[in-house]
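Two complexes are shown next, each including chain A; its partner changes from chain B in the first to chain C in the second.
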Partner chain A sequence: MRDAMTTTSVESVNSLSTRLRSAKVAAVAGLGVLLAGCAQNAAQDTFAPEGENAERIDGLTRLVFSIAGVVGVITFSLIGWTVWRYRDRGQPIPEQSEGRKSLEIGLTILPALILVGVAVPTVQTLSALNKTSDTECVVNVTGQQWWWEFDYPVQPGCLPGGITEPIVTSGQMVIPADTNVLIRGTSRDVIHSFWIPKLNGKRDMVPGRVHTLRMQANQPGIYAGQCAEFCGLSHANMRMEVVALSDAGFQTWVDNQLEAYTPPEEGTLAAEGEQTFIANCSRCHQVNGILDTNGTPIVSRPDTQVYPGAAPNLTNLMTRNTFAGAMWDLIDDQRREEVWEASPEEFDELYLAGVEDEWLNAVRLRAWLRNSPAEKAMYADPTQLEPTDGRYRGMPYLALSEDQIDQLIAYLLERK
Partner chain B sequence: MAIIERPADTTTTVAPVEEAAPVTATSSYGYLRRPVESTGWRSWAFTVDHKKIGIMYGVVAMFFFIVGGLEAGLIRLQLAGPEGTVLSADKYNQMFTMHATTMVFLFVMPMAAAFANYFIPLQIGARDVAFPRMNALSFWVFLFGGIFLNTSWFLGGAADGGWFMYAPNSDVPFSPTNGVDFWALGLQITGIASLVGAINLITTVLNMRAPGMSLMKMPIFTWMAFVTQMLLLFAIPVITVALFLLMFQRSYDATFFSVEAGADPLLWQHLFWIFGHPEVYIIVLPSFGIVSEVLPVFSKKPLFGYTFVVFSGAAIGFVGWGVWAHHMFASGLGPVSVAVFSVAPLAIDVIFGGAVLGLFAGMYYWWPKVFGKTLSESWGKWNFWLMIIGMNLTFGPMHIIGLQGQPRRMYQWTENRAGEGFFNLGMWNLVATIGTFVLIVGVALFFINAIWIHRRQPVAPLDPWDARTLEWLTTNPPKPHNFDRTPTVHALDEVFHRKYEDVGEGDSHEYVQRSTLDELVLEEEAQADAHIHLPAPSYWPIVLAFGLPIMAYGVIYTTWLIVLGAAIVVAALFGWALEPADAEDADFDPPAAGGESTSKELANV
Partner chain C sequence: MFTTGSKFLIGAAVISLVATLVYGIGQGGVMGTIGLTSATVARAGLAALNLFLRDSNVFADDAQLDTSSAAQHAPGASVWPLAFAVGAIVVTVGLVTFQPIVIIGLVLVLAAGAEWAVQAWSERASGTVAHNASVRSKLSNPLEYPIGSAIAIGIVVYGFSRVMLWLSKTNTVIAFGVLASIVLAIAFVFAARRNVGKGVIGGALGAGAVAIIVAGFVTGIDGERDIPVFETTALWQSEAILHPEEFAEGTEKGKHPAGLICESPEEFPEADEDASQTVGNKSNTVNVTLGADDTLTYRVPGPTASVGIEVPTFARSNATNVIFFNRSDEHRRLSVSLGTEEVEVDGETVTAPNQLCTTLIEPGAEQLITVIARQPSFAFDDGFFFFVPGVDDARLELVVP
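Entry: the complex of A and B
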């Protein structure tokens, strides 16, 4: 009785472990299939590099995955074969050997050699990715809950035209295509991570530190990214894009960003919008060149209202395609598709057209102006600001009327 | 427990060892008598028996496994489709923080502690651990710490900074509820449990092995558990320091992680991962040990390269300290600082596949040892297959999702960036969610098997698997004193060599069964040691442990609670130090007349 039971149990456990192994073999095979293909149209697909830095990473990844795949298949095949070959068929108890030295040493040296083999291209890739001496343009990137700010310091060497005055923008980082750009990144509050999968790996942006990251896109186009270090409530909504333009297109963009402020024509809805903007928005949001009724330039002081100290600069809002930390598109779905699917040749023109009334994503923008805390998870409850000394993290509810929203949108549509 | 006296004139063939007068309990000192109950809740609350403590560890760990599993279910429901609304961003952040914290600190670690507690003394031929009261203390501290941590759900919200709790996102302005305070204090408390347990088990392994059991004759599970305890001994202080700094940062306005005061937030990451990387081995090594224990039994061969495996395990104990920075690839630490892609789903896969499946292997293997009955095999197969399928359906797609650019810890994903091909995020997020529920059903089958089906199972044979190691050289379940006679060990796989003899000549081997385990156990009973001294239960470990969460509530809410908690701790320490060495003689029933029953029975007081 006891013996019978023992045998059954032993058999069943052996067959269990056989099946366990075959399941793992299947899993490895599945991983192989995964590596063989890549998705269509996934905006952040890591297997579809579009810049030389990401190409290096991609090459290394495929190499390492292939080696690991081969090792995996061999290992699991051997395990499977062993389990099958030596399954319990009632044979006598085998020799109680405790190992074989040559095999044990061999199985230690072999993986060590493979790892050394993998280490060489890994170190090569890492040092290439960390090179900063051959970059032609610099963009300062600053993360803040939950959006990215990009500022372009004055630099004569960035393309022939240079950048003659600082540019501050957010949500979308515009760079010249086929040019090595150096990102100098930091954060105003918690740690964020800058990640444009098609252009390069991740880089944490840490308050109090400046980290660098290379950016290069082979061709004009728009490249999606996402904050990759958990940064609090709206981490999921903290998106960004890199927009690469041709050299001529980039120069056009720079010139446009630096154009002087043009106030709305008197008597228009936009002119009312300017006053609404000054009354409700300009404490935090800078519009360069905007004047108060005395003719004095208005300098916004977001540090008095917002805990980490800044709010997006809206001088040229409608030259961007997104708003609210790139959480939403400023352009409607049809226009979005045109821009995102554009060929490199037609991309410049589509992007530089910015946002026009006819393709404005008015529904989302109005909802945002109406009640932003309801649209995006933020710390904007005025009764719970004690930990931040009365300052918000994110945009508060402003109690704007529908008329005021009409005015603001008319005004903002001219910010380009 | 009790002092078990046996008449010297048993049928023993060995002359009883001449002993000094047995230590008898007196009431001449000590404030409180030691508890003696052998039944009822008191027999559990005050026990110092490593087996009972092991079982309690296991039960509580499984409870937290359910909690963590439900949290996982909610997380996956939220992510099943785009723009999920099952949870708010806030609740989602709490959910994934507590899911990971629960699974790592309140399930895998205590479950490994359950196995280590129960089986290390049995595998090394000891009657208990080196410090039985400290053993009870570590369990109660863990339990109260785990409960404390989870009360945050009802007191304003749980921690929401991720299980890694990176500074400065963990600071008050960014996480204004008390959740992170509960987290920092709760993990300090459970850290005490781990540290006390590690000291105890290390001492046990080094000092209490049966005669003849050299370190290189120790069963492999004991070895791996031993390495784990060494890792804990050095890793827990590091996280404790980090948590202590965080506590002061939040509760007493310190500036350890305040950038504006000149701090570098990467300090936290270094401290966390110097703990966190060894922690990975702390999580998987016990399971490796279990698997390495189970495979040889069913292969009927010693573990291939036992020496090598032992040294590899020990090497992990050293090398594991040198590689923490790879968790900070993207943190900007200089040249070696580029993250290729998200490795976290892989890490969770390793934890689940490496640790959880190994622990379940241990459950099925040792169940008859602990409870005297085997678990149902047919239910077990369903349990196994659903868990294997569920695990691969859950974590396999996460590799795809990560490589398709969906980072971790996003409370929502958007259709806009999901793609449309075979690897689109939508389909694989849904598959991962389905996988999670397959996994949950699989685990549920284990509970049904263990709680209900188990009752109908017949009593298991003493040696259901033809086992090889010392824990099987006693009854199922083992007696309170584990072994009637302290075994003398001659070989690795001692029990195998007692059962079988190699009668082959020269290079040929032929193994003949000389005796069954039943016969061996009977033989041990017949030659029982004349005098067995077991540690008596104690009131104080549970009392001392109870003071700690009270102190922790005090840190969060009001200072006088700290004083109250500290008073309880100090009082318990004095009680601990001053209680009598043993239960009083009068507390026990006298030995039965006639020598039929030869042990002092515990009175049912």
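Entry: the complex of A and C
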């Protein structure tokens, strides 16, 4: 008997100990979640809008959360009070009565009114977010596993003189600040979703369709984003950034993008890099204006190598701060902090300086050139390309020597 | 709790599962993993079935019946051993001849085996034949009826489809009409006569089914009617480029106009005859319109900002649907020039125009083409452009950056 009691008591202690441990784990996890919400200046914080579209969403979210919060507090308080007030104290079950018409009608009308109260600002916000008549600049956005391409069609918008030649870039979409930009998005392969939390909500980019999205940033700066629709192996690494420049800064950026190709000076490492680029990279990556030894323009044919048929245009690679689908920065941590933390007045100058040798993120770029499939999850195993007719999804291993990597970096540093 | 047979099958399933995990994780072979997984599932299924049947012991609720061996009737005649044997033969024949037949054989083996097992088990359920039959029905009928019906309907439908594919297009319509009329007439007769027996109705349905199956068998052996390949604009374009001599010969004989179809305002056989004049896809397309003034205009899908887009711009290597609206007074086609491409002609590499085009459509009609530009437009001196053969002013630049 005594033994049995001892055993029961030991079991109770063990059970209590397990519960306490579980409670501690839950408390730590909950605290972690709570602390994560306290992050200051998080790059993808939806509650820190920096454009009028995101401000509208933020305003609506706060309003709806407030209403829902008040309703929640009242509801749970009433439930709690009822549970406490009528808890089981051994009293007999009270007489059961059915219905109270006035209360039922009231409790039907009240939620309906609350929902109407939420619906009005919701519809107004949706309508404002879908407005396109006041947009002044068009950027075509094309998603592809696992990077974003941005092209600027010839148009009278974006700048006082318009855009006179098409521009194509990737990773970072550059727009004029305080200007309503219309994104016209699609996809080459699977459904992606374009999302810059500080500037607007998400928009799916669907193959064969064009979906539009307003984009506006109040002031110059960089705004981080992330593909928001699962799109395959490296979905988590499919990032993008929107860079907003002042009008003058945007004009400088456009002028620079349209400048003619300047080949590297003969006899330099960069000139060797140009040949290495032609031999190893130009099959997929386009550099506008590059010529072969016969003086013939080299046109990349990514469609013969890459499954969705395109690869990032590298004509002005070093004017942007990211590479490999914006997975990594082209600039080192110190420079990144300077650019990202710059005041709106200083931002143009810092961003337009592009990437210089002294702040190049050489370690990461070298690693990428050395063996890209080891750095980013892609379908780049040459033995497993049967389903794609021998074409890759992503960048394959190129077996470059360290000397070739040096040459390529020297060459790419001049692509500004 | 677990019967002897179940223990064996559960153990086999567990071993299979362990083998699946070890092989799947250790070796990573897809086919092997699938095979072992299948074995695991099959054994688990058999174990579950055996648990349910309690090693073929008689159900507890049958205890009041006389189950002594002396009271057992001799097993009745059964077709299932024969069906099982036929299935096994079909599997063997399939393995040495045409492998898809193996699947039919396996299905027969499994079905006959299951029926055989259930029948044998039910015959030992009690000493009462009627009761044994009802035990068998309770277990088998819920599966036999739906599966059997589905197979029977499938055979009839398949037979009917063979007949339809054997007949010419016109005769198909006639045959379908006649058949529908017969069915309607018979149904009318049955409806009008209230005292028609079940046997008559069943006999009529059975006769009809047999007739369709026999007709399907005969026509299936004879094969489908010839379905000609429709000559599209892409086919005419590639024929002219890849087989220039044959194409010129055809032109000389007056079989078709000369030149590339995408550069010709003339009507080519088949491709331009009876071509669809309307399109179902209306949304998210680029609209290119040939106006009454013989100029081309465009509209890209969706809003284009207050400022508009000056030149249609398509993303590289991206499929873009374009609807051509012919609002001129003539039959016209829309063509798009995407530079040139290298092609092999009689073992030699030649440079040929890379063009796509719609069929020749009548005034007021519409047609769709899907454009995929693999190269940028700046790769060619003339760039990319839409044009309408026979209308000099109808030219519209297309940019692919």
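Simple rule for what comes next: the second predicted complex is superposed on the first by the 375 of 416 C-alpha atoms of A that agree within 3 Å, B and C clash if a C-alpha of one lies under 4 Å from a C-alpha of the other, contacts with A are read in each partner's own complex, and residues count from 1 in each chain.
Assume a contact is a pair of C-beta atoms (placed from the backbone, for glycine too) under 8 Å apart; a residue touches a chain by one contact, two chains touch by 3 or more.
Only a predicted model underlies this, so the values are computations on that prediction, with no experimental measurement involved.
Once chain A of one complex is fitted onto chain A of the other, the partner contacts of A:T388 are limited to chain B, with no touch recorded for chain C. Among chain B and chain C, the chain that touches a larger number of residues in chain A is B.
By the document's definition of touching, of the two partners only chain B reaches A:V190; chain C does not.
Of the two partner chains placed by the overlay, only chain C lies in contact with A:G309; chain B stays clear of it.
Touch criterion met: A:H211 reaches chain B and chain C at once.
In the superposition on chain A, contact of A:T46 is made with chain B only, not with chain C. In the superposed pair of complexes, A:D247 makes contact with neither chain B nor chain C.
By the touch criterion defined above, A:Q155 reaches chain C but does not reach chain B.
Once chain A of one complex is fitted onto chain A of the other, the partner contacts of A:D406 are absent, as it touches neither chain B nor chain C. When both complexes are aligned on chain A by C-alpha atoms, chain A residues 207-209, 211 touch chain B in the first and chain C in the second. Chain C meets chain A in the complex at residues 283-284, 300-311, 313, 315-319, 321, 372, 374-376, 378-379, 399, 401. Considering their complex, residues 2, 5-6, 9-10, 12-14, 16-17, 19-20, 23, 27, 30-31, 34, 37-47, 57, 60-61, 86, 88, 92-100, 103-104, 108, 125-127, 129-130, 145, 189-191, 193, 195, 197, 201-204, 206-209, 211, 224, 226-237, 307, 329, 377, 379, 384, 386-388, 393 of chain A touch chain B. Across the complex, chain B meets chain A through its residues 88-90, 93, 160-162, 166, 168-169, 172-176, 259, 263-266, 294-295, 298-308, 329-332, 335-342, 374, 377, 381, 384-385, 388-389, 392, 396, 399-400, 403-413, 416-425, 461, 463-466, 492-493, 496, 500, 502, 509-511, 516. For chain A in complex with chain C, the residues that touch the partner chain are 132-138, 140, 142, 149, 151, 153-158, 162, 166-168, 180-182, 184, 186, 188, 207-212, 286, 288, 297, 299, 301-303, 308-310, 313.
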